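There are two complexes below, and they share subunit A, which is joined by subunit B in the first and by subunit C in the second.
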Partner chain A sequence: MNAVGSSPRRGGGYGRVTGHQEYLADIKLPDALHVKLVTLECARARINAIDSTEAEQVPGVHFVMTAADLPDPMPRFGPQFQDRPVIAVGETKYHGEPVAAVAAETKDAAEEAALLVKVDYTKLEDGIFSVADALAPDAVLVQDPALRGASSFAQTNIIDEKHFGWGDIDDQEAHLVVEDSFQFPMVTHFAIEPHGFMAAPDGDGIEVWSTIQHPYLLQKIMAKMLDLPLSKVRVHAPDPGGGFGGKQIPKFEPLVAFMALRAGRPVRLVLSLDETFQQVRRSSAEIRVRAGFTAEGVFTFMDIETNFLVGAYVDIADRVVSKSSYSGAGPYRIPAVKIIGRTILSHTTPSTAFRGFGIPQIGWARESLIDEAALQLGIDRLQIRLLNLARYKEPFIPSEEADGDWEQTVRTAAKRIGWGDPLPPNRGRGIAVGLKSGPTTGLSYSTVRLLYDGSAMVYAGTSDMGQGARTIFAQITAEELGVPLDDITVVMGDTSVVPYDQQTSASRSSVLMGTAVQRACFEIQGKVRAMAAKLYNVDEGDIKVDQGRLLLPDREFSVVDVMQEALAPLGGEVIGNGEMRKDKEPDHPLGGTAAFFEFNCTASEVEVDMETGHVTLVKHVTVGDVGKALNPLQVTMQDDGAAIMGLGHTLMEHYIFDNEGRVRNIGAIDYRILTSMDLPLDLHSESVENADGPGPYGIKGVSEGSLLVTAPAVGAAVREATGKIIRDLPLTPQRVWEALQEDENGS
Partner chain B sequence: MNRTLTIETTINGRRRSLDVAVNHTLLDVLRDDIDLTGTKECCVVGECGACTVIIDGRPMNSCLMLAVEIDGSEVTTVEGLELEEGLSPLQGAFLDEGATQCGFCIPGQLMAATALLQQNPDPTVEEIQEGLAGNLCRCAGYEQITKAVLAAARGVKQ
Partner chain C sequence: MNRFQYARPETVGEAVALLEEHGDDARLLAGGTDLVIELRNRWVEPKVVIDLKRIPDLAPAIVERDGFLSISASTVMTDIAEDERVQRYFPALVESAVVVGSVQIRARATMAGNICNGSPAADTAPPLLVYDAVVVVAGSDGERRVPIDDFIVGPGKTALQRGELVTAIELPIPERPYGAAYTRLTRRRGTDLASITLCAGVDADGQARIAYGSVGPRAFLVEDESGILGDSTIPSEDKIDSLDQIFYRASPSLKSLRASPDYRLAMLRVLGARALETAIGRLTKELVS
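What follows is the complex of A and B.
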């Protein structure tokens, strides 16, 4: 069995091509009530009164839930701060925040009634929609200081200010100092499956269904909010139809749980795409970078200040800020670095995790500034990166060392894009280097059951939201136990059945859960080895196990054959458990070193239409240091997909707000993502494999690398083609055209 | 409560007489009334293609049609693609080429591609990209989807 390094058909693929895969909205709970949210046509408003009389007269309507029906004080929750209310209380803080929820027998009735809920509200004019608004001396406070505890920032809109760095930037001399500021827009995840939530009373407990990526986090939050033991909260998490970070953190699960308990029946809330747009997004950011260089182009210092505008509730955004800021200086050898990262509240959709976790924002600024330095120093943009890149095992942040041959990755990307080859008119090339910390802590358990007929079941609490975790865990099991891939079932998505997993994020699952699965297989190997020793009267120490084969001194057997012989005549199974733990390191600024780094080099060649400002991607190359490609096709799928997603925020995606904080381009018509007609003419993804990762067989995580620095690579190419530097994304035809109209003085 | 009309239609080869609410879309009826949940709901404004079905040989957004409009028509959904002997060549190619990630857009992609191949059995890459331009994939498996359609076209020709 050579399952590792192969690209079999995707686990769960049959259901996905036949329509039989059950996503959340496909699950029909008998007797379920349908829920529709009531929202306001502005961001910030005082709720004076809610009159549900007329709504409740719509046939089929059971009740309308508002803050008045929930415990006082309003229960609040969140992964970092307990700031998000179950439903808006007293005031709405972003456009789309629900103030009431209708429960009815049918969708039609719920929708009709939602329009009849009379909300008496007062628009509040001084909403916070930008970093400047938030930091103004007379700014209103987005959050009640009473919720902020002992924070020294409680009387401001700053949630926290992170300070990282080493050395003293003021002590460093420099031949050249460059400085610039850059902006990164608000963009949304746009998973094709909108978010959905269901709940049902379950005896003395509750069952919850969610499109969530982190079912065990949801279980903890529900248990706490409902004062139930974990054993009485059962979370069903069917494979999400795309997550990208947007489905990590609970949103309306507590609301539907309270509604189900009130109704004594299941309730179901499936959001529309438009509603989903108003609930999750990537944090926008304003980033100032200053850097010093020697005449030869060697870094002497870097000074980064980031202001992330995170939205009305913190969600996981403060972690986005700290984790991305910490490695914001990139994979370079820099003697002195100072980083300040601010998490800033606003009256906008709460931002959350989004593929890349803050790195695309900082990478856009840092890599663009390095190009500026190279141009001013007359050094090639590839060479300045190679010159400063940390070498294998070299510490580049205190307590973090380079975990790969990063130069190999960069040189491969340069070669594939044809770096240095002559360019036709109106063309330009760019190259950029991205680095993202993998998980800093982790805890994954897996159980593997080798069944009597030689098939196997793998229990893993990862969410397979498209990355193909089902395939990976089956491949590991096939490799270790010699079970054919088609005979392996991977069970996920039910906290009552599958053991604990911390979360599905940070490209962790192949490495962390994969290790747990492999260890569970090792335990089975050990048990079967003991069986073989007994059956054949051999010392256990003399039996080796390799790819599902037991190698005795004079003969060999398959694991399955030995198991069957040992367990006959009753049958039965052999069960293995595996655990992978990456503990907290209390003294580490992030609470733990990175389990691995996702290192990527992106290179792009563009052609700019000088009449219209339209950018065509002639060639786009991403190369990632993946350790080993356990499933090469899935690695390519992740890399191609992430690159194309990165081209979205680079070229076309952004929320547009009006002066009342309303998102004006909600939904698929007005918010554009790439289609099959917008692709690079030539898209090339490639892996560097040195088997130097911490996961099984030397793998590292892979799912985010190729969108980390899409924007600076394309931006640099546009700059070379046009001679114009653009500091704001996306690089829409209008923005590029406007830059082309500027005279040499930039006015 | 809502006014209904009776329609006669053939869905995945099966003749059906359905009482449908006059205000319900075909997507509503497929998913909620007759449990054909393979057809997916996403944007409901005809932009994402997740709800694509084939009506009388043409790919249509089922979110933009009232169910009463299919009276007398023949409808194929993703549940109707599988052949007696197993997956269709196109379905198999989607799996072999890695076109299926989260899978949520895939029913729509398959229906659009099936209709494309019926009209144009030997499409070029550009024709495939144009034919599937109305089907969004946020996993962005566009390269793999295109390869799968090409592979299926070549396989069928052989």
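What follows is the complex of A and C.
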């Protein structure tokens, strides 16, 4: 059995592509009421009164829930700060924040009634929609200081300011100092499956269904909010149709739970794609980078200041800021570094985790600035990176060392793009390197059951949202127990059945849950070895286990055969449990070292239409250090997918606001992502495999690497083709054309 | 969506009678690719939806008669683009039909609907203008033929009166060699609404005309009065002034999310020059063959 390193058919893949998979919206709870949210046509408003008399007269409408129907003070929740109310109370803080929710027998009735809910509100001027707005001396405060506790920033719109670094940047000499500011837009996850939430009373507890990535976090939050023991909160988390970080954190689950308890029957709220746009996004950022170099191009210092504009509630955004800022200087050897990252509130959609977790923002600025330095120094852009790149095992942040042969990755990407080959007219190439910290803590449990007939069941609390976790866990089990892949069922998505998992994020699951699954298999191997020792009268110590085979001194058996012989005639099963724990390190600036780094080099060749500004991606290469590709096809698909997603924020994606803070391009018509027609003519993803990762078989995490520095690689290629440096994203045809119209003086 | 009555007439006469009866409270359903979205989003709340797909006289058909190619009202974009006669005589119309929406939309959306919807960005409008299409309109007083330039009025507005519907669109088959080309400006290559739609046509005498949309309340057709735009011996850079003359009716919106007015005006020139070049190339090929 060589399940590891092969690319079997994806678990659940057939259901996904044929429409047979049961997504949350496909689950029809009998007797469920349909919920429609009521929102206002502005971002910031004072709610004076809500009159639902007329709405409640629509046939089929049961009730309209507002803040007045909920406990006082309003229950609030959040993964870092308890700041998000169940429903808006007193004031709305972003366009799309619900002020009321209608429960009705049908979706149409709920929608009709939602239009009839009369909200008497006063639009409030001076909403905060930009970093400048937020930091102005007379800025209104997005959040009530009373919610901010003892924070020294409580009287400002800054949630926190992170300081990282080493050495003294003022003490460094430099032949050349370059400095510039860059902007990264607000973008949304655009999972094809919109968010959905259902809840139903369950005896003296509650059942909740959600498209959530972190069912156990949801369970914890619901238990706390409803004052229930964890055992009375059952969370169903059907495989999400894409998550990308946008489904990590609870949103409207508490609201539907309160509505279900009031109704005494199930309620269901499935957002439209447009509504989802208003609930999750990536943080925008303004990034200033200053760096010093010797004449030879060696870094002498780097100074990064990033203002992340997060939304009205913090969600997980403050962690995005700290984690990305911490490694913001990249994979380089730099004697002195100073990094400041600010989490800044605004009256906009709450930003949350999003593939890359803050790194694409800082990477856009840092890598673009390195190019500007290379140009001024007359050094090749690949060479300046190789020159400064941390080598294997070399510390590049005081408590972190390079966990891979990063030079090999960069050289591979350069070779694949044909770095240095002559370019046709209107073409340009760019190269950039990026790195993201993997999980800093983790806790995953798995149970594996080897059933009597030689099939197996794997219980893992990971969410398979398309990344293929089901397949990975099945492959590990097949490898260790010798069970055919098709005979393995992976059970996920039900907190009353599957043991605890901390979360599905940070490209962690293959490494952390994968280790738990492997350890559960090891426990089964141990039990079966003991059975073999007894059956064949051999010392346990003389029996080796390898890929589902028990190797005795003079003969060998399969694990399944021994299990069957030992358990006959009653049958039964062998159960193994595995745990993977990565504890907190209280003295570490992030609370823990990274379990691994996702290291990526992206290289791109573009052709620019000099008359229209359209950018054609001629070739796009991403190379990642994955330790080992446990499933090579899935690694390629993750890398291709992440690259395409990165090309979205690079070339076309961005929220457009009006002056009242309304998102003008809500929905798929005017918020454009790449289609198959917009893909690179040649898209190439490749892995560097030295089996040096912390996971089973030497794997590292995969899935975010190839969007970390998509923008600077493409931006550099556009710069080479046009001679124009553009420091704001996305690189729309109009923006490139405008740059081309500028004369040499930049006006 | 709101509740509405669904009517399925079997003759044009019955459909006309329903339209007469309900006026603005009625909406016609052919492909439904615009109507269904409007219903779902409650942008329109008709009392009656009149489904035209069961009327034999409007059944999908492309027929050649009296020097015209007649395309019935329920003919979808995919069938128009794949029709050999349309490809031969009206290549610019094919170029516009194959970029409407997506594959799925094109298998449903009709050209008559594209025009009746009245979007300033309708892809098929510029080629229909360049090819001098005629819209066949049925009403209680019988049939009338309206030149496409008179049929298109403004955003969401056409020359249709109460009780009228489009039964076909007719295209005069060119008697002499003719070159035309359609092009558009979009934010991406895949499915997108156009920021500019543009069709250039050049006749055997070298006389050029350009129709362009998405830069004003409707698509405009403008003849080249300078006489140089269709001249293959004059280099593109010497045609800029004449092109600017052509685009005098463009007034791109300041509020558009898709492109700034400056960019659109600049791109009109670029697209105009490119479409002319293709049109002249096609004409030359026809003249040679």
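By our rule, the second predicted complex is superposed on the first by the 745 of 747 C-alpha atoms of A that agree within 3 Å, B and C clash if a C-alpha of one lies under 4 Å from a C-alpha of the other, contacts with A are read in each partner's own complex, and residues count from 1 in each chain.
The definition used in the following text is that contacts are C-beta pairs under 8 Å (C-beta built on N, C-alpha and C of every residue); 3 or more make two chains touch, one makes a residue touch a chain.
Because the structure is a prediction, the values reported are computed rather than measured.
Colleague: Does the superposition put A:485 against subunit B (first), subunit C (second), both, or neither?
Modeller: A:485 sits against neither subunit B nor subunit C.
Colleague: Touching A:176 in the superposition: subunit B (first), subunit C (second), both, neither?
Modeller: neither
Colleague: Which chain, subunit B or subunit C, ends up touching more residues of subunit A in the combined arrangement?
Modeller: B
Colleague: Once chain A of both complexes is superposed, is A:465 in touch with subunit B (first), subunit C (second), both, or neither?
Modeller: So A:465 only meets subunit B here.
Colleague: Look at A:676 in the shared chain and tell me whether it touches subunit B only, subunit C only, both, or neither; answer first, second, both or neither.
Modeller: In the superposition, A:676 contacts both subunit B and subunit C.
Colleague: Based on the superposed arrangement, let me know which partner A:108 touches: subunit B (first), subunit C (second), both, or neither?
Modeller: In the superposed model, A:108 contacts both subunit B and subunit C.
Colleague: Which holds for A:664: it touches subunit B only (first), subunit C only (second), both, or neither?
Modeller: After superposition on chain A, A:664 lies in contact with subunit C alone.
Colleague: I'd like to know which partner A:566 touches here: subunit B for first, subunit C for second, both or neither.
Modeller: So A:566 meets neither subunit B nor subunit C here.
Colleague: Would you mind listing the overlap between the subunit B footprint and the subunit C footprint on subunit A?
Modeller: On subunit A, the residues that contact subunit B in one structure and subunit C in the other are 108, 669, 674-677.
Colleague: Going by the contact rule at the top, pick out the subunit C residues touching subunit A in the complex.
Modeller: By the definition above, subunit C touches subunit A via 1-2, 42, 185, 187-193, 257-260, 263, 266-267, 270.
Colleague: Of all residues in subunit A, which touch subunit B in the complex?
Modeller: The contact residues of subunit A facing subunit B are 7, 9-10, 12-23, 25-26, 28, 59-60, 106-109, 189-194, 239-244, 270, 272-273, 465-468, 633-634, 636-637, 640-645, 667-669, 673-677, 679, 683.
Colleague: Applying the document's contact rule, which stretches of subunit A touch subunit C when the two form their complex?
Modeller: The touching residues are 108, 111-112, 115, 611-612, 651-652, 656, 664-665, 669-670, 672, 674-678, 732-734, 737-738.
Colleague: Can you list the residues on subunit B that touch subunit A in the complex?
Modeller: The touching residues are 1-2, 21, 23, 31-32, 35-45, 47-48, 50, 77-79, 81-82, 87, 91, 94-96, 98, 100-107, 110, 128-130, 132-146.
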